[in-house]
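Each of the next two complexes has chain A plus one more chain, namely chain B in the first and chain C in the second.
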Partner chain A sequence: MATKPSDSRWLDCINVILLVLAGVIVMTPTAWMVLSSFKPSHEVTAYPPTLIFAPTVENYVTLSEQTPFLSYAVNSLIVTVGSTLFGLLFGAPAAFVASWTRITWPAVVALMARMAPGTLFLLPWYVMFRQVDMIGSYWALILTHAVITLPIVIWVLLPYFDNIPRSIFEAAQVDGCSPFRIFRRIALPLVASGLAVSAILAFVFSWNFFLFSLVLSNSQTKTLIAASFNFIGEGSTNWGGLMAAATIIALPPLLLAAIVQRWLISGLTLGAVKG
Partner chain B sequence: MKVEHDHRGQMAAMSMPALVFTIGMIAFPFLYTIWMSFQSYSSTGQVTGWGGENYLRMVADGEFWNGIWITFYLYVLSLVMQLVLGTSLALLLFRAKRLPGIVRSLFISPFMMPPVVAGMMWLVILDPSLGAANWILTSLGLPPSAWLASPVLVVPTLALIDTWQWTPYVALIVLGGLQSLPPSVYEAAEIDGASRRAVFWRITLPLLLPTLVTAMVLRSVDLLRFFDLIYITTQGGPSNHSMTLNIYGFRTGFEFFQLGYAGALMVTLSVLVLGAVMAFNRLRNAVEW
Partner chain C sequence: MASITMRNLVKNYGNVTVIPGLDLEIADEEFIVLVGPSGCGKSTLLRVLAGLEAIDGGDLMIGDRRVNELPAAKRDIAMVFQDYALYPHMTVRQNMAFALEMRGLSAAEIAPRIEEAAKLLDIQPYLDRRPKALSGGQRQRVAMGRAIVRDPQVFLFDEPLSNLDAKLRGQVRAEIKTLSKKLRTTMVFVTHDQIEAMTMADRIVVMKAGIIQQVGTPEEVYENPANLFVASFIGSPSMNFLPVEVQADQLRLVDGSLLPTTLMAGQAAGHKSLTLGIRPEHFEVVGEGQGIAADIRLVEPLGSDTLVHAFAAGQEVIARVSPDLRPVTGQRLWLSPASGKAHLFDPETEVRIDGTGKVN
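Presenting the complex of A and B:
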């Protein structure tokens, strides 16, 4: 039975209404968090909740005055940027070699690291880092977070390298280019967009990762995400501060994700889906 | 041949850092945990013996079986909700054709924010006495709920939060699958006069199965290791009603410092995850077209 045009217009209309509804459900909790963070402290816990209020940055000011929020943020940046660079530096050449020679161990290992529960690694790391007195050091955090970033870089970059026509490499080889030169001068520039996507995804996942810094950081190196726990403890009395903290922590990944949204899904599904 | 030798050397040099790192930070710790799980420790942390003691203890441990049950319950509930809602959302997005960047950004925002932040925000929304959720319920004349503080509702509530976070992810994966379906099939169906419903159940869904299995694998890996959200909101409580295997293993290791036993729990969880992935892979091979 062929559908009548008017029938189809009706369905389109319902389709849009349902999509808007889905968008509202997706957005409301986040909007509520941001809204609460700008409420005056006596109004955050008002019941029934208020929607109209005079916005204030009071919660953000209190947060920066009463907690070492800024130093947590600096710690987060050190660990996240450090582990992202580490992942790129080690992962990009490995992905290039894996793509060229069709060796599979980098992909397999990356997949294993993605599948295993974090605590499985955290137990031996805890013992190892305690032996060398590195618990609480930035290096322990950067190295462990590199276990998140390295697999992301390898998985995101592999298809990019695979897409370069092999004849380009072979021609360069005939001209006497060494593999190292081919990688640096030819392959890397060709996968520049892949590098950007993998860097951003690695950054986001390293930033978001909770478990490792929960155990391996100390009061000096605590990252924002590990400090969330303290904010919740105080949050029982100060919801405004808690929501302000949550908003700031969520901001960098959300902004970065918006930049790469087009390539995000293929990166997040280990290339199983072309987004 | 010197050139050939040089070529191989440079290739090895380029993959060497990643290899060394992998052995040191992933492979060795992995084996170390397995080895640890076969050691028994005294209460002061000294190694006292070697054997299957931890695994024997595990099988007799009620908390372990509770952890298995909670993990499984949370997993199935979340996966089913996310697949059904995610596929529905994907069909809506597919029909809308054009997907502006701002809409895409909106839909990826839940799963790109840290699960910890999602936990913080839902803690406030679901607060039993002052939260917005209960205010909505009571305004509609419904009884308020204890949500995360309720032994009965804690797992469904966690599943609901995770579903809010990850349904758009499943939807975008399925949307990718829908967009790659061959249009010729639909044209043929239209010529044959197939009804809308028949097209969905007989054509779209079967062709979409491999994509759905991919989504299931990716969600399974995360859901079986469900950690951040639980740890930030309930830490396994009330009492042990949201104590998944992962949370139980973590607390055993880092609150009670029983490293050997925690190792046994984590090895078991890894085997479960691996088993699930392998099962889904067989399923995918079966539905591949």
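Presenting the complex of A and C:
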């Protein structure tokens, strides 16, 4: 049996150590959150944290009794799905055109908008939506969340479109296709996996974004993540309730990521290589 | 079926002029091969013909129509790309039907055309496969099928054989030529491979730096190259070029050996210094002391004949000789051009001097 050179064995060891370290850094807060949600109130903030405890669903019961959690979840779903669809509807053609024309500055501008802190947009949007009497509407939240979903869709799809050989588009031109038909009949089916990746990422980022909802929603349209802040009071915070809400909020993105992890990784790697 | 006319056609990329004003007439049903080294503008010219690149000056006519501003979709042309450019998410049948669907033909009209083209190209067993499941040769056939099924006025081929292995290339080359005779459609074929050009073309267009160097039948271009560039580009191995001085009715080579001007295709009279061009296959092995002394450096037996790389008249030359000669490295041969087969070129203008002694 062939033996590996010692350099290679050292690299393998370092790789394993780094992976374990990354795993601990990523998983510890998640595990803490899930475990805390099943702890009695007095144990949640105890230090050192208790690892052996009698699990209880009391926090989840409080959550369902004190807040209209289901309707907040529906609000979150409406806003997230709406803004994801909005992002796909406008982001996919934008990425295609940027790739086709090799003019990427609009995509850079979109990325800058994504990187800017959300508070930058708050005041103008608040004033604008108040002016047209849209504060508290789903549309206000869907449109504002597009600032999160649109750049994600554009930047995930751009390398996918760039990866399609140009001759395929040219063949379609010679075959009599208009640019729109090339986009719809040729380009979109060829970036199907990229569409899935961008849709999932857009969904996750929009789902987890709370700032716009905090300011632009009302009690009827408040999203789950904004509502979870109700547990943080001025005097005291219901940490158990907050952890239970956070666990439920984290479930859809985690489930989505687990289902499509293979696509996600290839999609993100594609972006990294080409970008 | 249509003729193609280019009048003073200009193509620029920004400040760079790729085609500085080109005139060319392609007859209806003619098979034209554009050939030249990389960067000579042949593919650009094809893309201009296809409508994939805008024209910056002059006129382009397909048949009686001026198509300068016409988009690719409306030029009634079909193109076979170097990488075939098949739609990966469609089956072979869908690939072939796509252009017809775009024209608004019904499924009932499309089906028989696909069957006919598939039969012609022998791709019926693959109609329901995706391109990924096909070999290079099969993909090439499908790309041809996609073009044929449209029954266009003009076929354009952009180096479609360059991704095939040598054996398959020869086979497909013959198939395309046979097909061109059957379809009787105007065809423009781009290649950098002079063998493809020679074997397939009705006429060859040799290009360099966006300028046409010569247009002619394969025989004309091979036997009477217009200039040093064409002479060196057409033919494999390349023509040998030797500097000579004209001395009365003889040519004096660098090593002092003399060749009678009567052996030349052109007349040397009136010139002082010339470039002598001899194709490897036009060398004859002559008796000792005659012709040019050639010391063999390398022998390449090809079976049907043997290539001899030798040092003669101060430089490396290649001669194609009979394998019966059994040449060996280190041996000295005496070579002379076959009568009427050696060409003379003006070293300054690089133009060939024809039989009358004039530059072409």
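Rule of thumb we're sticking to: the second predicted complex is superposed on the first by the 209 of 275 C-alpha atoms of A that agree within 3 Å, B and C clash if a C-alpha of one lies under 4 Å from a C-alpha of the other, contacts with A are read in each partner's own complex, and residues count from 1 in each chain.
One rule holds for everything that comes next: a contact is a pair of C-beta atoms (placed from the backbone, for glycine too) under 8 Å apart; a residue touches a chain by one contact, two chains touch by 3 or more.
Every value quoted in this text rests on a predicted model; they were computed, and no experiment measured them.
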First (chain B), second (chain C), both or neither touched by A:N208: first
Partner chain in contact with A:C177 - chain B first, chain C second, else both or neither: second
Partner touching more residues of chain A, whether chain B or chain C: B
Touching partner for A:L120 - first (chain B), second (chain C), both, neither: first
Which superposed partner A:I186 touches (first chain B, second chain C, both, neither): second
Overlap of chain C and chain B interfaces on chain A (superposed complexes): 173, 178
In the complex, chain C residues that touch chain A: 50-52, 71-74, 77-79, 81-83, 85-89, 98-99, 102-103, 146, 150
Interfacial residue positions of chain A with respect to chain B in the complex: 1-3, 11-12, 15-16, 18-19, 22-23, 25-27, 29-30, 32-33, 36, 45, 47-49, 89-91, 93-94, 96-98, 100-101, 103, 105-106, 109, 112-128, 143-144, 146-147, 150, 154, 173, 178-180, 183, 204, 207-208, 210-211, 214-215, 225, 228-229, 231-232, 235, 239, 242-243, 245-246, 249-250, 253-254, 257-258, 261-262, 264-266, 268-270, 272-275
Residues of chain B that touch chain A when the two form their complex: 6-7, 10-11, 13-15, 17-19, 21-22, 25-30, 32-33, 36, 89, 92-93, 95-96, 101, 103-110, 112-118, 120-125, 129-130, 132, 135, 139, 164, 168-169, 172-173, 176-177, 180, 190, 193, 195-196, 211, 214, 218, 221, 225, 227-228, 231-232, 246, 249-250, 253-254, 259, 262-263, 266-267, 269-270, 273-274, 277
Complex contact set, residues of chain A against chain C: 165, 167-168, 170-178, 181, 185-186, 189-190
